[in-house]
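You will see two complexes here that share subunit A, one where it goes with subunit B and one where it goes with subunit C.
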Partner chain A sequence: MKSQKIIISNLQFSTLVVLFTVGSSILIIPRKLAEAAEQDAWISAILTVIIGLVLVTFYSKIAGLHPDKHYFDCVKHILGKWLGGFVIAITYIFFFFLSVLVLWNIGDFLKTQILVNTPITVIFILFMMTVIFGVRAGLESIARSSEIFIPWILSLMFLTVIFLIGSLETENLLPVFEGGIQSIVYGSYYFLSFPFLELLTFLMITPYVKTKKRVKHSFMEGVLIGGLVLTIAITFCILVLGADFTERNSFPFYVLGKKVTIADILERVEVFIAIIWFLSIYFKLAVTVYVLTSGLQSIFKLKDYRPLTLPIGMLIIVTATLMFSTTMKQVEFSEVFFYPFTYIVCLVIPTTVYITGLIKQKRKRA
Partner chain B sequence: MKKGIQLRRVKVQKKQQQKEQQQNNTDKKNKTPIPLSTNIDQNIQTIKQDLGNSADIVIRKMNIGSSGNDQIAICYTNGLVDTKTVQNVIIKTLLVDIREAYLQNENKSKLSELFENHTLPGGEITKVTDLDNSKHDLLSGNTILLINGESVGFSIDTKGWASRSIEEPSTQTVVRGPKEGFVESLRTNTALVRRKIKSEDLWIEQIQIGQKTKTDIAILYMNGIVNQKILDEVKTRLKRVQVDGIFEGGSLEELIQDETFTPFPTIYNTERPDSAASNLLEGRVVIIIDGTPFALVAPALFVQFLQSSEDYYQRADMASFLRLLRFVAFMLALLIPSSYIAVTTFHQDMLPTTLLVSLAAQREGVPFPAFIEALLMEIVFEILREAGVRMPRAIGSAISIVGALVLGQAAVDAGIVSNVMVIVVSITAISSFVIPEYNLAIAVRLLRFFFMLLAASFGMFGIIIGLIMMVIHLTSLRSFGVPYLSPMAPFNKEGQKDSLIRLPQWALFSRPKMIAQDDYIREETPAPEPKNSEDLKGEGE
Partner chain C sequence: MRKKLVLILFFLVLLPVLSGCWDKKELNELAILTGLAIDQAEEGYRVTAQILNPAEIAGEAQTNRVAVSTYEATGDSLFEAIRKITDSSPRKLYLAHLRIVVLGKQLAEQGIEDTLDFLSRDHEVRTDFFLLVSEEKDASSILKVLTPIDKIPTNKLYQSIESSQKNWAPTLGVKLDQLISTLISEGNNPVLTGVYIEGDTEFGGSLQNVERIPSPSLLKLQNLAAFKGDKLVGWLTESESKAYNYLTDNVTNTVAVQSCTGGNVTIEINNSATDIKVVEENGQPKVKVTLTSEAAIGEVQCENQFLDERTINELEASFAKKKEKMSLDTIETAKKWQTDIFGFGEKIYQQKPKLWQRVKENWDEEGFVNLEVDVKAEFNIKRTGTIGESFQSDGED
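Now for the complex of A and B:
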């Protein structure tokens, strides 16, 4: 098994992208967007999804530079040992904080909404154990499981949306363009960095995709579906709850589920939304932890990544527990540090890498 | 820790070396077989001695010529041979026909040549020259013919022991479909399959497994359809098996399966010749073991365990409905008790108010938390079920009366459990009986407790965590190299036609793609296009 080459199909790659995009953003980003763009959040969302598609095209171009090499190897090849090593270290730190934040998100949600009496560390440990179990089973297993779960997630999402159609209030969208273009772009700043720029993680697993020529296609498919799900979630939050209420809730989409009432039989389907959120966030964390461990494996040229899963998992749990004592501290951390950091690591650096790579390639030809 | 592993490895290596040495020794023994002696009395003596004068070995010495030197002996195992054949045919031929022929040209030819020329009665006759082979043949039901003065013997196929007649299988029952099932005899079983597939491409290879039992095992496959890689894998795994004895497919299954630490079966087993035959046509390998009516089928997919052969004999829409129903039953059997625990302990707000009120009223007198209540009832049910399987038939009615009391109104009246809990346990039980394959049903029984534990500590969150772990585990499983969850993951569009639903027969023109990798298109039948009904009307009038 171990010596076998890892291959994931293009469909599996797309489903992973969808889950990664939806995971952890779906509950949090509606608030962020409503904060920035008020009732124009939906315009901001659509705009960002379009930018996201362009971004992903750019990412697949980077992957196309050296189709058989993952991002770390690619960077090392293009920028050389020292500069490349520095860039890899920064990117690695980014992946690490990304997984810490994702784990914190799920813990925070459960602690405040569902398992109020359970210590947050217990939730972290349980969730991380499941993630480690998946990562040890291998990327192929994670990818195949995503294929199993995606129909469930999409149909639960669809059902929730259908149930909510009755409680839409179109006045909530008015007035359009109140904050002007500025606030819409401000919303996009958050939305672009939250799920879409993080998709850089997938450059670490593009070498395993079966048909490499269609990576761009699968990438865009995934982002389109994931972006659509998020856009619908945001739009419905604004339409049902109103911008003001969306902004004041930590998890507005979850609150949305509580609003559902169908003929006194189906009430409070927020558990649907909780399930969507668990599953998608699981895959987001699993992919990130896989990238963390296999990245470390390739940096130090180890034979197997599996022994690394447990220490890295523990490190993530400890960091998540110690770093943020309250939700406010996490929000502050994200605002001040993580969003700009994401832009540097996932936009500025890849652009530099890509341009340098192109120049090198041209020089070789010439 | 690392040192410990290394030490263990060294130990294992040492053991292996020892084993190899032992094997070499036994191999050496086998390589130099003891030839038959020319003295008939000595041969008889050795056979008797080697078999410990066992009571069921019959040896009869006869004088065939006019002088006292022309002796022959027949040896057979009483009970393993068809006594009628031995007594009426073989002994009669020897004492009458062959004797006459011998007396006519005495001293001119050797007895063995005579036997070769004057064909002996019996289906299959082979020459034996060494003692080990003759003993082995003797113990597998052949009759051995020994000749004085010559170091050759003959082994005559006279196998014929009492065996069960072909009956309706007790597992995998159907309403519509063939009612014959495999029996304990290997030959009958291969014949049952051969009768279904009269193709020259049905190839049967036979090997023996078991150092002591020497159990015959037949490997059946369709040449040209079977995936050569899978076939080779099956063969190498079977050849690797070194055990004293095999009595059932289950013990062989554990020795050749891909993954040991899983509750899920990765090899399918069937008691039905039609199911075995259709699996052969899909490119799978069927392993039939002598002495058990259950044939093994490899590679097996998860969906296969939720299918019944009747699905192909009923209408497609009905079959699809039943398959979906089985899948729902599988999920219910797995999750109903844990969902009950999760809802009553953590998520009371998910229930409609009226239901919640009546539930709370029922649980008022119950002294235990929901988890203990459910655990209690599930364990009692498992005990009852095990008792029902294991106890003598004659006291069957006793258990049903006691069972009804324990899991019924009496338990509720005593205030130990609530009414709802009884319903929950009943639904779980009935749902688990819907799963057509017993070995998947027992996997569900085991996993149910794991889910209950998760639900009791983390509610719905725990159940989802459990589901994720289960699916991750399922996707990591392989059956002889084929992903266990295909055609769902990896997703395959053609495979969907015949997994959770079944499309009409004319749409099923492909074999499972992951199994028959190259040649996966079957014969194609066009969809039936009945004549316009108006034409028929015209004929009628």
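Now for the complex of A and C:
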């Protein structure tokens, strides 16, 4: 252990939030949204980003209760040892399943689209190895490299969008408001939990941000950019492929990449989209694994989190392989368990924690 | 020092794993599939695959072998048949460069939906190939014709579709995702371009076919096949196909001919726009189509025809009238087949979703057949080409 003090800049915090938001959602959420809200998915997306911004403001408020403590410490401080411990355990399980799902997503995508004959476990192991490598290098290194990669992701995204402008069909958006507000809200239910509610993970990192007063600002910046990228992705899926076709594809945004043809020269750029995904999902997984290991370190008051990276990484790989032996199982797991679970862990519990925290603070002052 | 050694060793072990060779496909182990013909067999499908002969296309010393070969196999499902082709083909088929899929006539009449599932589910197949319907008895014969200019016949077809769609109009390039979208849509039915062999089919497959200036057998695109759901119900004629493309706003450039005293006058249409408005009348939908075309005079053979403002206006009116009639005739044909290939139902859904909920039941059989359609065509002849008056009208006789 060289220095205990980890500091990441506000910009780095924002870029991590952007990558976390984009990661894994960009390929999957267009389908979910189209399923729920059909051609109104874009309205649903915009609505959700706005809600997401409010949500993040709320998260920053929680962080603001005890700026120097991360979420676990904060919960323990506010709810006490036993109740707090229980909440921490549940949240920890949530983080764990989140990592498993993120890893599964990348494996599933590669297995269906690109590396069809490769065993999925091999993909898991290789991807996890790089993640563990990154996590062992520390949060600062992850944050710094996110700064390097973000221009790539944003410019690739920008290029794809530019290339597709020619194939937009505005009629795909009609009729507007067919399913009414109900289906739009239903779409938001999915989109809000995946990825915006998952941003709770970042409350474990806020204490390391350099300028704590501006955490809220950086948080919102990140969500705004990430949300914008996702909204564009969803809207383009609807505009180019139509709601029906978007619904029918497992990875609609990847199919979108296949549609690009500029003057018969620029074709087959779907790899752009795969690159966007690899990079963003790498950072999402790196952040969650970091939080998992450093969280465990703080629970058991260990000196260093690094020795934990390997076992936890292995545990994630094994869980991903065993739990989701088929794609259908994973879909059911998300539908029945994970979405509601996300709402409990990332919305209900934090609200309780925050209110209790406020009451305690007032009492102290009084 | 030892730590470093271990690290180096570790990376060395890692290297072969990281290159992702599990799914490697060496170029010399692949048979690049460019065309697929699917026919109905007694049981299941008969698939004909057209495969590139790379040495003949890119090799330095080109022999007089043919540039492509075809292989056939029959299977209970499309996927099985395609895999079965490895029986006869030297290499495994690689599907990502597929350009053309020709569906057999019989298959099209029975329904094409089952074939499309594999094409959209397989990870190698992209969506950017054109689908055609064979007017020949079996689709496989289409892939057995050699073509001049382009050595790869499917490439020739691909480019023919693109260029004839751009410059002539009675054909339509339909790609997989478009076809599926129209199939799924309740108020829309697909059309596909037909393809047939003109001339002597016997020569088609031999090099002799490309050794003569007029090739004895030629691949030709013709007209549109109208589907009801996923079943072929009829063929539109050339002018109907063109009218179809006007009505669905697929025309970029084409020509139109109108007779006049002493001959014909031809205009080149270089911009066409279709506007479809749905109105509700007595609780029933009514569709108003406005076709606006911008054109230029392309050829004049008329006597005593002066190209002044007044005659141009008359010309515009007569062209418009002809087009209106053509469009209405085409709609009548489709009504006879009870299939809404124009997507009027979808337009009603997009513009009046509530009305659509009321009329969508049995749309093709009742709603569409009784649908009132108003077509209004407008022509704007803006230029007269590089000359003004035709020299014919000045002729002294």
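Everything below uses one rule, namely that the second predicted complex is superposed on the first by the 364 of 366 C-alpha atoms of A that agree within 3 Å, B and C clash if a C-alpha of one lies under 4 Å from a C-alpha of the other, contacts with A are read in each partner's own complex, and residues count from 1 in each chain.
Please note the rule applied: contacts are C-beta pairs under 8 Å (C-beta built on N, C-alpha and C of every residue); 3 or more make two chains touch, one makes a residue touch a chain.
In this text, all values refer to a predicted model and were calculated from it rather than measured experimentally.
In the superposition on chain A, A:43 makes contact with neither subunit B nor subunit C.
Looking at the superposition, the partner that touches the larger set of subunit A residues, subunit B or subunit C, turns out to be B. Of the two partner chains, subunit C is the only one touched by A:242; subunit B is not.
In the superposition on chain A, contact of A:126 is made with both subunit B and subunit C.
Legend: residue contacts after superposition of the two complexes on their common chain; A:178 is shown touching subunit C, with no touch to subunit B.
Legend: residue contacts after superposition of the two complexes on their common chain; A:114 is shown touching both subunit B and subunit C.
Look at A:224: by the touch rule set out above, it reaches neither subunit B nor subunit C. In the overlay built on the shared chain, the residue A:255 is in contact with subunit C alone; subunit B does not reach it. By the touch criterion defined above, A:149 lies against subunit B but remains apart from subunit C after alignment on the C-alpha atoms of chain A.
Judged by the document's definition of touching, subunit A residues 114-115, 118, 126, 267-268 lie at the interface with subunit B and also at the interface with subunit C. The residues of subunit A lying in touch with subunit B in their complex are 9, 11-12, 110, 114-115, 118, 123, 126-127, 130, 133-134, 137-138, 140-142, 144-145, 147-149, 264-265, 267-268, 271, 274-275, 278-279, 282.
Contacts from subunit C toward subunit A in the complex involve residues 17-18, 20, 22-23, 120, 123, 126-128, 177, 180-181, 184-185, 349-353. Of all residues in subunit B, those touching subunit A in their complex are 346-347, 349-350, 352, 458-462, 464-465, 468-469, 471-473, 475-476, 483, 485, 488-491.
Within the complex, the subunit A residues that touch subunit C are 112-119, 122, 126, 171, 174-175, 178, 241-242, 244-245, 248, 255, 258-259, 261, 267-268.
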